[in-house]
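Chain nomenclature is as follows: A, B and C, assigned in order of appearance, with residue numbering initiated at 1 for each chain independently.
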Amino acid sequence: MTDLAFLPWHRRLAWLLLALVLLLAIVGPWLWPDPARQDLMQFLASPSLAEPLGRDQLGRSVMARVASATRLSLGLAALCVLSAALLGSLLGVLSAWRGGLTDTLLRGVADGVLALPGLLIVLIFSAMAKGGFLTLYLGLALAQWVEYFRMTRARSRLVLASPHVEASRLLGFGPLYIVRRHLWPELSPMLLTMASFGMATAILALSTLGYVGVGLQPPAAELGLMMTEALPHYSEAPRLVLAPVAVLALTLAALVLLRPLEVTR
Amino acid sequence: MAALTQHGLARVLGQRLLQALVVSLLVATLCFVLVQQLPGDMAFRIAAGRYGYDYVDAAAAEAVRQELGLARPAWQQFAGWLQQLGQGQLGQSLVTGGAVLDEVRHHLGATLQLAAASVVLALGLGLPLGLASGLRPGGWADRLTLLWSVVLRTLPPFLLGLMLMLGLSVQLGWVPAAGHGDSGNLLLPALTLGLGLSGLTARIVRDSVLAVVQSDYYRFALTKGLSPWRAFWRHGLRNIGVTVVAYAGVQLILLIEGVVVVESLFAWPGVGHALVHAVFWRDVPMIQGCTLLLAWLFVLLNTLTDLLCLAIDPRGPAEP
Amino acid sequence: MSTLHLGGVAVYQQQHCLLQPLDLTLYPGEALTVLGESGSGKSLLAHAIMGTLPTGLRASGELRQGSQAWPLADAANRRALWGAQLAILPQEPATALDPTMRVLPQVAEGWRGAANQAHAQAHSLLGSLGLHAAQRHYPHQLSGGMAQRVAFAAATLGGAGLLLADEPSKGLDSQACATLAQLLQQHLASGQCLLTITHDIALARALGGQVLVMRGGEVVEHGPASQVLQQPRHTYTQQLLAAEPQAWPAIAHPAAGDWLLQGRGLSKAYGSQTLFRNVDIDIAAGERVALLAHSGAGKSTLGNILLGLTRADHGSVRYRDGLPRTAWQKLYQDPVQAFAPHISLHTALHDVLQRCGQPLASLETLLHRLRLSPDLLARKPSQVSGGELQRLALIRTLLLQPALLFADEPTSRLDPLTQQDTLHCLLDELARIGCALLLVTHDHALAGKATSRQLRW
């Protein structure tokens, strides 16, 4: 791990924000356990010491809902990114290594998927089982794998064609060695960068779907869904909208600031 | 116009056509799986779509089942599904009962209007700001566009739209919040999408300008005795264009995804709005129609950027 | 063009002096060549004169012509001279040409006279350089030598009295180098001034005139070429000249043993371009063979075919029985690219030790013999100098006790002194284990000294 003191300011801020969001996602649901328990007597109750964000239009604890939604977003996004990265980079390396027919076929499929913006794939999947966690996961992961495939394939082709891999083969080293010493050190920083980008994309897609009403369904606690549900009560209790907005913006900010600011994509 | 060779032209068109075919197959497959996944009786839903829920009974559903061959094994149904698509039949909407083709065609105009307005806005803001940033790295324009692009990346389009709506429409009452009618309605959606794209556009232009201005050939042009303006005109513009156009292809994804989100947000009656609506009602033929249209639009726009690249860069578009 | 004077030219980075103050006089028709190794600060001289130093560096001194003077500290005051009086021949002609513009307009825009004559002037200049057919080409369609001539045309069309050539022979094969020397001489013959900055002694000899030898930002010797390059006074100049392969003392080659490898009827083509056809080649144990040809003739490809790295279109290669797969090794032109970039040299070499079951002592012995400090191993490949890294690459192959080492231009990127040192190490070590050498090079003198047999086509 790099010493924090040598990081640019935005990276330090990013780690701080990420730590806060993770804290909310891990410790929050433990302190405010039940996001679904209604108490209509406490309709739009104001913040208090026990409930720092008050209660919503159904008397549910906003803190519990925000914490649970954060955990859901981060968890689902991490799962998607992990699956997509694993599938995409394995296929990418395979394609670069084998070449020939394998490469042609995989590239054909990837080209087709690339022509379908990720959000459209996720939308089709979300229609399959409305509000289903599993289908959303599948959709998000399938929308993302191709990016990992493309980048891994391109980078691996360069590495595998390089003199240093040729030298290692001449020295008698096998495929495992080439993966360990040549490919992995070259691919892992790129994969990490892409993963932080992918996390942001997945979190964004999930909340966008929730916001337009085709993602997770009520009574699930989900950031986008919470905003839509709270919008009618915006004038009485703006915090109901602002709390999920703030969490979403801070999470995305953390993921964006982790990477160099100059990245143009 | 440089080397718009027949060979390059054929290669680009062939590749993109193949891509359009593969993506159609992909969409059709996903939609077919979607039909198989739907709970309840498909025949009943289709019959209801045709005759209205009040007039459907078991006999009508059975007739539909026979007519469409819904009792056949899955692979035969799939082949039939593809065959229909191959003949250009997109079917009827399960909700309105209208032909999908007509409905989608009806929405396309609104989508193109929104997309064009946003692109014009994004370029209008992004090009000059990007140029200013690239010609003076570290200057005020550079810092402004960097901040702007970072803020936009942390701000999802629907939040930007929400803020604009709350600000311009609810608080100030300048523009109508949603709907489709007079030109004022276009302002908010186009502003949301255009502003959203402008940050990235500015940074892409900035990076391209910087790369060109610092390149060996640009410096050599200056030492040949060309004035800064002449060097920029002769060697800067076209080379900046090459990089910007190459990047534009990547950005098109954001445009298509943005169209879907922004249309839903402002109830702008385009293909994206229709798609989200169809997803909500699980109107599979409409889902397929809208997705196909958006995917084709995406491929078409990509083809255009490839051709533009081919026209201004003698080396042609980079190999994928 | 009249005589140009440069007084007290120096370059500083903050307080640190990168180029010590020096005085020069450039006479029309007489070449002035600055000779030195890379890192000697000689490129800074050209940029200081031109006013194109990178930000953070500043120049002092002045440029004088007749009664006019331009202080070098103000980079902008010479912009008006660009093209008409001052011109620079770029270091890498391939990247100095606009990739999206055809050759003719790129050259024509250098014309400083009436605009309607520009194309005609460029046309005739390109014709005189033998580039008549290439006028409508784009830069990516040009060979390295052609790009060099186009850049020359573009830089000189404006008729500048002083041409600065910064490492103009970098990356050119010997044929293109000869053409380059001719071009520069033509420029001199037309009564203009020429300042050439190079590490290429052959180019300095071909140009004649005055020679200036630089080392570490300081001039160590200055005088007429005939004197400096024939009877050098300074020890550094003497070393530099002795490092030229022509000047090397003859090297004794070990006697060839049994046959090791036989290539028969080898042919290779890429697309429609035939590299070579029907080549027969034999290499015996311990023998030293050189492959000599101009660039693009497929020397490296032939070596790769012999090693089994590339497949020949026709023909076959026979290897002597009983040798393991690792008996055939290769040394690369750019040693940095021959090591996994993110792995420390320590790890890389210890992996090889483990793989071939050699004791740590054999690595230590080799390091000692090749005068390499074991501390170097803690670094990444990119943090070690080219000469040191090439010797480490040699050690890596020696650990496997090879029977044949294919060395693909192993010293062409090194400075003359380092080249001499590295190549002698290589020959000594190969002789010690009786390993044969297949050397690919474009340097005839080098091939003549380092090998006992040369193949050319």
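As a convention for this text, a contact is a pair of C-beta atoms (placed from the backbone, for glycine too) under 8 Å apart; a residue touches a chain by one contact, two chains touch by 3 or more.
Values in this document were obtained by computation on a predicted structure and should not be read as measured data.
Arrangement of the chains shown, judged by which pairs touch: all-to-all, with no pair of chains left without contact.
The busiest chain interface, judged by C-beta pairs in contact, is A-B. Distance from the centre of chain A peaks at C, each centre being the average of the chain's Cα atoms. Spacing of chain A relative to chain B, judged by their CA centroids, is 22 angstrom. Averaging C-alpha coordinates per chain places the centre of chain B 50 Å away from that of chain C. Contact of a single residue of chain B with at least two other chains is seen at no position. Per the touch definition, chain A reaches chain B in the complex via residues 107-109, 111-121, 123-130, 200, 204, 207-208, 211-214, 224, 227, 234, 245, 248-249, 252-253, 256-257, 261-262, 264-265.
Only residues 2-3, 215-226, 230, 234-235, 238-239, 242, 312-315 of chain B touch chain C when the two sit together in their complex.
Chain C meets chain A in the complex at residues 307, 309, 324-326, 328-330, 332, 334, 337-343, 347-348, 351-352, 355-356, 393, 396-397, 400. Residues 162-164, 166-168, 170-173, 177, 181-182, 185-186 of chain A touch chain C in their complex.
Residues 50, 52, 82-84, 86-88, 90, 92, 95-101, 105, 109-110, 112, 138, 140, 151, 154-155, 158 of chain C are the ones touching chain B in the complex.
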